[in-house]
Amino acid sequence: MKNTLLRLCAAGIVLLGSLVPATAADSKLIVAMLPKSKGNAYFISVKAGADKAAKELGIQLLFDGPTDSNAAKQNEIVENWITLGVDVIAVAAENKEGISTALRKAQKQGIKVVTFDADAIADARSFFVNQATPSGIGYSLMDEAARLTGGEGEFAMIVATLTAANQREWQKHIEDRLKEKYPKMKLVAVRPCDDLKDKAQSETTALLSANPNLKLVMAICSPGVPGAAEAVKQAGKTGKVKVIGLGLPNENKRYVREGVTDSVILWNTGDLGYLTIHAAVAVAKNELKKGAKTFKAGTLGPFAIEGDNILLGKPFIFNKSNIEQFDF
Amino acid sequence: MSATPPAPAPGLGSWKSRLLSHEMLLFYVLIALWLFFYFAGTTVNRRGVTVGFGTLDRQFDILRHSCEIGLLALALTPIIITAGIDLSVGSLLGLCAILFGQLWHDGGLPIPVAAGLTLVIGALAGGLNAVLITALRIPPLIVTLGTYSLFRGLAEALTRGSITYTDFPASFLYLGQERWLGLPTQAWIFFAVAIVVGVLVHRTTFGRAFRTIGFSPEGARYAGIPVARRLALAYVLAGLIAAIAAIIYTARLGQAKADAGTGYELFAITAVVLGGTSIFGGKGSVIGTLLGVAAIAVLKNGLACLPVVMRMNAAEEMSGLLTGALLLFALSAGVVPQLWSGFRQRASAT
Amino acid sequence: MKHYFRELSVLGALLAILLGLAIFAPAFYQPQPLLSLLTREAPTLVVACGMALVIVCRQIDISVGSIFSVCSVCAGLLAARGWPLLLVLPASVALGAVFGAFNGVLVAGLRLPSIVVTLATMVTLRQGLNLVRQGEFVNLPEGIQWFGLGQTAGQLVLVIAAVVILILLALAMRHFAAGRFAYAVGTDAEAARLAGIRPQLVTFLVFVSIGALTGLAAMMNLAQSPQVQPLTGNGLELKVIAAVVVGGVAISGGRGNLWGAFAGLLLLACISPALTHLRIEAYWEKAIQGTIILLAVVADGLRSRKGGN
């Protein structure tokens, strides 16, 4: 029995081996891109832009990230890339301090590092492709909420998880703006939805019945926006309770069209991926150095550089008037 | 939990040899996987440097990344041998990590004192599981399902989700990020714990008690084994080891946060079961667990080095898929020949 | 009375929460939001019924979350291709049953431990779905939501369907021979075999049932919104297992009933909205949930200890 199994194993290995083309040294520059999570429509649309840039520049793009909520996974993937000898790593950091440990190690090995979407600690990377500053996002959301409610009344928030770093940061800026500019508005509850649309729907249903005076629900994770909108619609409160949030146009078109969701805020995610790859390659080739004031990325740009942040531009507000023009 | 009734207890020699054969089989698979990745996952890059799976750095990384899940798997081995389970180890890792951070940062304690207190807390948390399981006779699955939520919940509540402890001194980070005597520092701790658990399970009366309890708790009681105390030992030990894993995790990432160790319990259980420890209790070995941890780690890391997987951008998904497949394969490999011989016997009898 | 102590202690905990809400947050009791809350839990109840069956049989199935996701996505894709609802519904149930049968063959046929088999199928299905769909939402055509019935009617249909399934299964497990076979196999498979029951067949069928029920539940969830997220079933297995075991179904097999599982599910489902209504901050939610699970079972544990067990 042992022998048969042994032989089976050997056969399996030969079979597997034949699947792998014998690749000699790949002469292309290798850029490795690490999203916060892979199965997320947001990062899929970032990847679409990254793929486009990779094709233009003739580089090999690796795209890998955690598929579950395992906080240490990003570090392990980066360390794997270090031993794979990639040329540049582009990271959207889930855990700011945690990932920086691995990124510094990469820099020590001569690998260039840029960050996008969510920054690491400044000394662990050369540039941050900044889609919109956390304060920019927080302020835009809060200002939009105030505009829709006339600057007074109760509102509630749906977040991804209670521990996600970027969510906490946005929430902080939203609360700062609230305190500073809109004293008549009140944040009554913050509920997590674990990045699940269905859970966002349940949570919003409970929020609506517990807070009869609620005037607005703000969801700051992309599955949360359609979930909250569905709950408002089912509660028969379309128009009475506004829905806004950070999300992708395609997931929200239906609700924006029906007037349930008023506005969705996001930057052009495809451009973010495109710009990130161009910046990563330019850094690797030493074409982009500290102190530069602008950066031209392929067919896009020029983009302004502020310190070591390459700015993608302001977040965009999608609403009934423009959402049909976008497809991502 | 259990399904089929325990097989009529075979002679000690026969199951021992079967145990050996499962481990040997796993060992062959591990070697085969390793060799395969060594050849298929190593390349020379543009600058003429050898990169990928075959490099020493990669091997050390695999070791480094396996330490926490490996520790949890070691913690679970005695428990599963007693036919129990502990779903709370991953959550306890998270709770211990932030308590360690709090003791050091907010409490102003020196690192060794904070670490020592964290170990005590881990053991106490394991003790909570133990009391509920042994004194109140509540099934371990339910108790640890409750503490799985409770420990993670406390971690989130204590930090309000957001507080992250960081800026640990370099002397502490040495534990998680540097090498000592050639190997990643934390690997030494991992090996030490493995030896302690190995001796406990295989060379002491405690280990025999675990197995006896796993076979039949009633029988163990009649044989004069203090069942409650032995079970309690297994769960307290698990809490203690989870706390060690928490400290190592914090040192490796350089941060302590409430989400540490999320989902680790599943990886650890997978490794233990892959290593041949029966989920019905009564048999299992520490060597098997170590091989299980190694097989999963090599598979995961190796796949990420394969050019074809890299081109598909599917390393994470493929490693999940293949771990599942490996688990099914390892399970059925032990059973199919048995069924087949049983079938042949029946056929020849008629 | 003594026999149903666990069920009663869970019911007691549930009533305590409901009473607390009645005093401190009467807004909880509004017909429309309550109906919505119940509708959201209807699919979970259907899966919980299947899980109770499996656990009574001394097995466990942790792949239900992944099966739920795969069925949801496949059903969604079929509906998006224009398949009529009358075909999508049986297709989803059948797909679920096929996955259940796969687990069943490995558990009953090869006699492998169910927790490990379903752990493997859980991981495999989840990662397979990740690989194929990459997390992309499926948009459903008009007429699928609420089965084209309108919201209130649709919600009532879903809740009533779930309760009918619960009642039928509960009655079947108590009064039909086939249902009692599950208890027999869970209590002592060898004795059951000697009594003329085929334990492996019962086990296999129980896995097929939970698969089919999960496929049905996926459809019941699909009908509640116009989009399907591939992550939809994540964590379902833990929720359902917690509900069932808290409700007094013994993990060692052979004991417990669907009413207990029902009470357990309502208890767990209440916690999150109750916290929202009582304005307790979300950071405490998991800790409170864990404590309630422990308290509900500790009551039972204390009792059996007193009983001089």
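Every chain is named by a letter (A, B and C) in the order it is written, and numbering of its residues begins at 1.
Keep in mind that, in the parts below, contacts are C-beta pairs under 8 Å (C-beta built on N, C-alpha and C of every residue); 3 or more make two chains touch, one makes a residue touch a chain.
Just so we're clear, the structure is a prediction, and the values are computed from it rather than from any experiment.
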With contacts defined as at the top, give the pair, B-C or A-C, that has more of them.
B-C
Chain whose Cα centroid lies at the greatest distance from that of subunit B
A
I'd like to verify one number: the distance from the centre of subunit A to the centre of subunit C, where each centre is the average of its C-alpha atoms, in whole angstrom.
33
Whole-Å distance, subunit B centre to subunit C centre, using C-alpha means?
29
Which subunit A residues sit where two or more other chains touch them?
38, 67, 162
For subunit B, write out the residues touching at least two other chains, lowest number first.
156, 160-161, 314, 316-317, 320
The positions of subunit C in contact with two or more other chains are 127, 130, 281, 283, 285
What part of subunit B is in contact with subunit A in the complex they form?
21, 24-25, 28-29, 32, 35-36, 39-40, 43-49, 51-53, 55, 57-58, 61, 64-65, 68, 156, 160-162, 164, 166-167, 173, 177, 249, 252-255, 257-260, 262-264, 301, 304-308, 310, 313-317, 320, 333, 337
Considering the complex alone, what residue numbers of subunit A touch subunit C?
38-41, 44, 67, 162, 188-192, 194-198, 201-203, 205-210, 212, 223, 226-227, 230-231, 234-236, 250-251, 254
Which residues, counting only subunit B, touch subunit C once they are in their complex?
1-5, 132, 135-139, 141-143, 145-154, 156-157, 160-161, 266, 269-270, 273, 278-280, 314, 316-321, 323-325, 327-328, 331-332, 335-336, 339
Of subunit C, residues touching subunit A in the complex:
25, 27-28, 30, 32-34, 36-37, 40, 127, 130, 133-137, 139, 151, 221, 224-227, 229-232, 234-235, 272-273, 276-277, 279, 281-283, 285
Within the complex, subunit B is touched by subunit A residues 1-2, 5-6, 9-10, 12-13, 16-17, 19-21, 23-30, 38, 62-73, 75-77, 79-80, 82-85, 87, 95-98, 100-101, 105, 161-163, 165, 168
